[in-house]
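Below is one structure, written out as structure tokens; the observations come after it.
Labels run A, B, C and D following the written order; every chain starts at residue 1.
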Amino acid sequence: MIFNTVWFCLRRTAASLVRNFWLGAASAGMIAVSVAILAAFLLVAVNAGQMIKFLESQVEINVFLSPEAERWELRDRIQSLDGVTSVTFISKEQALKEMAASLGEKADLLTGLEDDNPLPDAFRVRASSADVVPAIAREIEFFPGVDKVRYGQGIVEKIVLIGRWLNVISLGVAALLALAAVFLIVTTIRLSVAARQQEVSIMKFLGASNWFVRAPFLLEGMIIGGTGAIAAVTGIGAAYYYLTLQVARVEKLSLLWFWQPVTDPQVLLPLAGGLLLLGIIMGGLGSIVSIKKYLKV
Amino acid sequence: MLHMFNVTKIYPNNVRAVHDVTLRIRRGEFVFLVGPSGAGKSTLIKLIYREELPSYGQVYFNGRNTLRLKGREVLGLRRSIGLVFQDFRLLPQRTAFENVALALEVVGASGRQIKKLVPEALKRVGLGQKGYCYPSQLSGGEQQRVCLARAIVRNPLLIVADEPTGNLDPDTAWGLMELLEQFNREGTTVLIATHAWDIVNKMQKRVIALENGRVVRDEERGSYGHDL
Amino acid sequence: MLHMFNVTKIYPNNVRAVHDVTLRIRRGEFVFLVGPSGAGKSTLIKLIYREELPSYGQVYFNGRNTLRLKGREVLGLRRSIGLVFQDFRLLPQRTAFENVALALEVVGASGRQIKKLVPEALKRVGLGQKGYCYPSQLSGGEQQRVCLARAIVRNPLLIVADEPTGNLDPDTAWGLMELLEQFNREGTTVLIATHAWDIVNKMQKRVIALENGRVVRDEERGSYGHDL
Amino acid sequence: MIFNTVWFCLRRTAASLVRNFWLGAASAGMIAVSVAILAAFLLVAVNAGQMIKFLESQVEINVFLSPEAERWELRDRIQSLDGVTSVTFISKEQALKEMAASLGEKADLLTGLEDDNPLPDAFRVRASSADVVPAIAREIEFFPGVDKVRYGQGIVEKIVLIGRWLNVISLGVAALLALAAVFLIVTTIRLSVAARQQEVSIMKFLGASNWFVRAPFLLEGMIIGGTGAIAAVTGIGAAYYYLTLQVARVEKLSLLWFWQPVTDPQVLLPLAGGLLLLGIIMGGLGSIVSIKKYLKV
């Protein structure tokens, strides 16, 4: 008996999908569009986050050493600090060359300084994120043998703030878009269930249990929602894949050096999975909620 | 089997469709419900299977107050009744066969039972060849017969038919009345709202006449009470 | 007025509903169309107002081949016919009054005319008090009468009624038949598909009998041909 | 007669809007969401364009003068070039001060140079857009009295390219989103018309002309589409207004110095108007298209 009921439900779902093909296709299309918009935005947000992270990782702390510093000991100490990713030694000669290079045309200003180089030796320290830079800088400042610490005060704080803002904004927008997608999915399903209100009441009068009536609608909603979400995720995924190829090509020209498209499956797969679940769950939930009022007969 | 006490039904727009009706139908009876258009016959029937709830009074089915049933008990009530709706209420997207099968599916019958019982029922109402048709592909009378097939296929305790022969020619109508009488002889209780005075007069069954929502006549072996 | 030549209608599912029918209805006639359920009466009627097109043969209305009509000519055809559908076809979201008014609105009648004609028509079918009700708030017979009111309100050249009394008690049914006869006396052509053998027999009008899509009988002052 | 027909159409439209209130509200809601997404993106695109423009306007051309240059004559000549927006004179003393400032800690490198300043006088030229900078630079190069012209070759080309890309991408995305909105609007209207298919065929059988049947649906579609679009434009507009206020506040802290939110009504009003038209026209068109197949009886 239970087995029969399950079987009837599956058959009715299949039949209904075939018979209401256009209604279902239109609904799945609407769901696809709304999920696609959400997916595209999430990719943008993920990449923007990556970009900010990359920019942050470019922030350097310049540690100028006093002449009597114990270079290698100091280097190990800095290296062992939390959040430090690399420590590079820049000799005073190297520093002078870099300066000359940066002055370009006006490098002759520095002629004659080679013999009496006024620049100090230095470490160039990179941190895992801009967040921790000020703290690290403050700590290093008090190490013995350290003369001065510089890290572009001002700029770093700005980058950190912009990064935080971007995070908040993109979370907010993502939430809004997700809400919009939920609204679109549920309303679509609701419109398509309303068209079949009579069917529900007839079954109820014939003595059908609520679940007997509901199950095919639930399944149908999940299938329509899932189909829409799959279409969206596949479409946006393909477009994104193509984009990463293009970017890789352009990057060789170093035009987009600051953008490394996120391709880590550990980031992208949960995203895709989440969107699929969104489609399926909202499709099903939309069905159940929409049908509820018609069941009260 | 069916017992109504002082039942009154007032629709939300203040129309009093059924007025203080008290009646009792015993197991195995065959009852005609007659009365002019708008007398309240359909409303009375809707009160039985709980499409409408009474404004006042009680309805008892098999000794249970239908107002107090809840959840699965309502299903039990509806499953023991075979219904013919005045407005057919066939699912437009299912074939005649599937519409009849639905009555069995909702009670969890097996596929084998369905394959056996549904064609039988369709044959009994004279639609053996039309099972594959959708309601929109059937004539008015054929749709009405699909409804009847759906009502009898479960072999219910009580058959309640609202105007089951309105779209049928006299021969077909007679055939179906005889079919219902046969069910009745096998123990099924039958309640038919109808305007077919010739059939009512000829069959000499119990007749309950409604007028303006009130029972104005209730006779064993009665007639339509209409002299043409 | 209405002329059918060798008309055959085969539905897409290969059902031959009307088979080589030739008939002629003259202006001012009153014709009953009878036949068992599924004989093809409704299909024949649908061919007149072009809900269906004939597979073979021609239908002439007022001397014009309805197959060759285009655009606004089809409107002209439909506007000169008053239709009662077997399945009512009332707009569920409009009251009885508005449903009847629709027939006038589509021909561009003035609001004043509507306010005058619609209540009159409703009164003639015995629904003077029910104009504000939606179809779902009306009994089966009341809905059927709204359909009839919608058909007569335009005072059409031809009234085509498909089973107009199936849900009506004999008294009301007689009343409406007399109403239609009155229209007929005033010059309207009337074509009625019906199973009401008593009415057909008593009125002694022209009777066309269909069986399996063929005309098997066409008699002036005929009878239903059914001896109960 | 025509007058009656128009009047009936208006009445039927009103009645139908009231009676199908939930269907209409749901449809308007879906349309609002899709137009809102489009509107939000358009605002982002407009602002990104503005930002790029601003960054481009920050690009400077440094024109180093030979000692014998006719400063004021040269200045007028540069000023009169197409695309030049400002020309500022930077004396060699000023240039040395700026250099000292930029060297910060290491400014003592320059001590002693004040008396024998090796830097040349210069003009700092700004152009209306980064596009024209290379051309202007090439032209100035051959003016008499000009020694060298420098404008950050490389960087400028990058900015120009990124700007162009951004333009193309945002046009593309806007087109896609507009398509999505059109699809959502039309499908929504289609679902709501499908629910009333029977109504159409009954009217046709009663002898109603196609326009008699169509007009109320058309009007209804336009009203629903328009309502949705108005809701979206108002909502996004209000949010944007609030955002500009916030940005103005933050800007005082010079955190977002590169972003001047676009508030020019000449840009925003056509945008809002276009979106309203989109809603209205697509709502109407959707109705007409959806109803077409039901009219063929």
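The rule we apply is simple: a residue touches a chain if its C-beta (ideal position, glycine included) is under 8 Å from a C-beta of that chain, and two chains touch if they have at least 3 such contacts.
Treat the numbers as computed from the prediction; the structure is a model and nothing was measured.
Novice: Can you tell me the least number of steps between chain B and chain D, where a step is a move to a chain it touches?
Specialist: Minimal hop count between chain B and chain D: 2.
Novice: In terms of CA centroid distance, which chain is the most far removed from chain D?
Specialist: B
Novice: Take the average of all CA coordinates in chain C, do the same for chain D, and state the distance between these two points in whole angstrom.
Specialist: Distance between chain centres: 62 Å.
Novice: Using CA atom averages as chain centres, what separation in Å is found between chain A and chain C?
Specialist: Result: the chain centres lie 67 Å from each other.
Novice: So the centre of each chain is just the mean of its C-alpha atoms; given that, what is the distance between chain A and chain B in Å?
Specialist: For chain A versus chain B, the centre distance works out to 62 Å.
Novice: Quick check: how many Å separate the C-alpha centres of chain A and chain D?
Specialist: Distance between chain centres, rounded to whole Å: 25 Å.
Novice: What are the residues of chain A that contact at least two other chains?
Specialist: In chain A, nothing touches at least two other chains.
Novice: Linking chains that touch, what shape results: line, ring, star, complete or other?
Specialist: ring
Novice: Among all the chains shown, which pairs meet the touch rule set out at the top?
Specialist: Inter-chain contacts occur between A-B, A-D, B-C, C-D.
Novice: Across the complex, what residues on chain D touch chain A?
Specialist: 23, 26-27, 29-30, 33-34, 36-37, 40, 99, 105-106, 108-110, 113, 118-119, 148, 150, 158, 161-162, 173, 177, 180, 183-184, 187-188, 190-192, 194-195, 255
Novice: Which of the residues in chain C come into contact with chain D in the complex?
Specialist: Residue list for chain C touching chain D: 49, 51, 72, 75-79, 81, 83, 85, 89-91, 93-94, 98, 102-103, 105-111, 150.
Novice: If we count contacts the way the header does, which residues on chain C are in touch with chain B in the complex?
Specialist: 11, 13, 15, 34-38, 41-43, 86-87, 133, 137, 139-142, 145, 162-163, 166-173, 195, 197-198, 202, 224, 226, 228
Novice: Would you pull the chain A residues touching chain B in the complex into a rising list?
Specialist: Result: residues 1-2, 4-5, 7-8, 15-16, 19-20, 198-199, 202-209, 212, 297 of chain A touch chain B.
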